[in-house]
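Okay, handing you the structure first.
As written, the chains take the letters A, B and C, and residue 1 is the first residue of each chain.
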Amino acid sequence: MIRELGLNDIVYLLEASRWTVALALIAILAGGVLGLIVAVLRIVSFKPANWLAIGYINLIQGTPLLGQLFIFFFGLPLFGIQIGAWEAAALALSINASAFLGEIWRGSLQSVSPRQWEAGAALGLTYWQRLTSVILPQAVRISIAPTVGYLMQLVKDTSLTALIGFIELTRASQILSAATFKPLQVYGLAAIVYFVICFSLSRLSEHLEKRTHAAR
Amino acid sequence: MNYNFRFNALAPYTGEILRGISLTLQLTCLTMAIALVIGLFMALARMSDNRVLNVAARVYVEAIRNTPLLVQLFIVFFGLPSLGIRLDAYLAAVIGLSINVGAYASEILRAGIQSIRPSQVEAGRALGMTAGQTFRSVVLFPAVKAVYPALASQFVLLLLATSVVSSLGVGELFHQATFIDSRTYRSFESYALITVTYLVLTLGFRALFSLVYWLVFVRRPRA
Amino acid sequence: MPLVEITDIHKSFGKVDVLKNISLTVEKGEIVSVIGRSGSGKSTLLRCINGLERVQSGRIVVDGMEVTSPATNINALRERVGMVFQSYNLFPHLTVERNVTLALKKVRRMSNDAARDIARTMVAKVGLADKLGAYPDELSGGQQQRVAIARSLAMQPTMMLFDEITSALDPELVGEVLKVLEELAREGMTMMLVTHEMNFAKNVADRVVFMHQGNVHEDGPARDTLIEPRTPELRSFLSAVLH
């Protein structure tokens, strides 16, 4: 049955966009924890750990996210782990995010001058104390802006989970478009919702970037 | 676990995979070429004194960068027909991808153009070089060197992003996974094989781009 | 027993020999200037003494601790040997006070109050009592370097190493840093400094070590050595830096 686009439909899209946001948040949190491990493995002075991290990053960044989504969606049940689209989406996006966040954070860590390590060493601080009191506080400050910038990328990436059937903003638009036969309006509306979320995040990222440069 | 992986069930579909690779490469190269042209015009528009051009270019870049590629493709393929513009899937994919990558390319090219220092141009002219010689040796070469790494990684990102147009039914590489899956019922093997194929392609292109960079920009003739 | 005893050390970076079989002792309370052209190995020598660089062979003993032995707790050694760098290396995310208290609290496990008291004393000593709450980028180079000295002194080291600490400063800021060093000299602090300040070397240091191509080329009382160099290499070095 063909019908007009109404307020209900807009509410439907907005409700679905909660899943878009939730998915992005889960991926940045879970991906963040994994990403921290990736960053550390990438910089410790132990070659096999570096190779492992580089291999992992290349594997994730060298394959399409869409492929990763389908592999988790169809792959895990083969190991007896019954998962739905939501779990597969959260898992694939988190793993994908860990590679990108790992690289962002490695860059932040390495942009702290090696002289800072030396200065800490010369004062008798242990390796761990140097890392936690001298290097990390500086690296965290540097990484805030690019991390928020990446969160915006993640929000856009969640749209691909529509293709494994997870009902977030894009999938909801497909459903609504099929029901109303108003694809231009429906996808246009979805684009506006994405725009509002992403534009706010990119502005926030720019703002934080300026603040970091101004801060000591 | 008692599942038997059977990748050899996919062997009869080598032809499909090769066709998919060929279409993916074709899509990637065509899109990149068009996107560079769009990007160059948009970069110039962004830097022009004309307010209308300037604002238009800015709106374009922001609109594209803040919305997902998939939604952009849906608007082109499913949305435009209601305005009477009907495109076949392949054409819609090329247009959607080009508009998308054009926005990113324009930012890269703008940074490249802005990296050229006017003092270099003056120095070139002061040495008695013609405008053409100056452009080639102190404008074009350094600018291309500055944008090359970003464009090379954009190319690899695009190669991966083309997988998304499988959702419009374009028979590129990722779509072949869906096709093989539907014939063999070996979902995991199909998607895993295709995903690894992408990995081989991206690693290959990265190596190629590094080699070209080394040949052109690092190992320069000293004479 | 000398405070620093260096026996036959050898250090190379890849194929380049930076230090070739150097032996040297420094007595307690002695002030030693290490001079030489860039690349002569003088900074590397200093960095070997607190273990920032590893030597390939030979022995370094500082205050009874063998730096070159893998069994030595190198962090414990560094508590006793202060070092100040050319580029100050203050922690940019911490105020002056917290730059000084960090190691006191982490390494010495002092309470906040005790650490703060020491920080105030030390920062006042280098003439910056009014800058305790400032961040490094709010200070001039000379002021930052004085804070770096205070940060090292706060650990109450047995000796101090200074690696070209005035080389990055604008000429008008060099004096205020040298004044702090003179004060330390009067208090009897054992010091080794790599420096290009020949007047300082002549007037404040007890001894001058001239390094040339990875060797100790001349070693003697500061005034005599600088006024009447024995080797042509030191003579040509001095005429290059003085004119």
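Methods note: contacts are C-beta pairs under 8 Å (C-beta built on N, C-alpha and C of every residue); 3 or more make two chains touch, one makes a residue touch a chain.
Since the model is a prediction, treat every value here as computed from it, not as a measurement.
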Chain located farthest away, centre of chain C as origin (C-alpha): B
Chain nearest the global centroid, as defined over all protein CA atoms shown: A
Among all chain pairs, the one with the most C-beta contacts: A-B
Mean-CA-position distance for chain B and chain A (Å): 21
Distance from the mean Cα position of chain C to that of chain A, given in whole angstrom: 46
Distance from the mean Cα position of chain C to that of chain B, given in whole angstrom: 54
Interface residues, chain B side, partner chain A - complex: 1, 3, 62-63, 65-72, 74-75, 78-83, 156, 160-161, 163-164, 166-167, 174, 177, 187-188, 191-192, 194-196, 198-199, 202-203, 206
Contacting residues of chain A [partner chain C, same complex]: 113, 115-116, 118-126, 129, 133-134, 137-138, 141, 216
Interfacial residue positions of chain A with respect to chain B in the complex: 58-59, 61-68, 70-71, 74-75, 78-80, 152, 156-157, 159-160, 162-163, 170, 173-174, 177, 182-184, 187-188, 190-191, 194-195, 198-199, 202
Touching residues (chain side chain C, partner chain A) in the complex: 50, 52, 75-79, 82-83, 85, 87, 89-93, 102-103, 106-107, 135-138, 151-152, 155
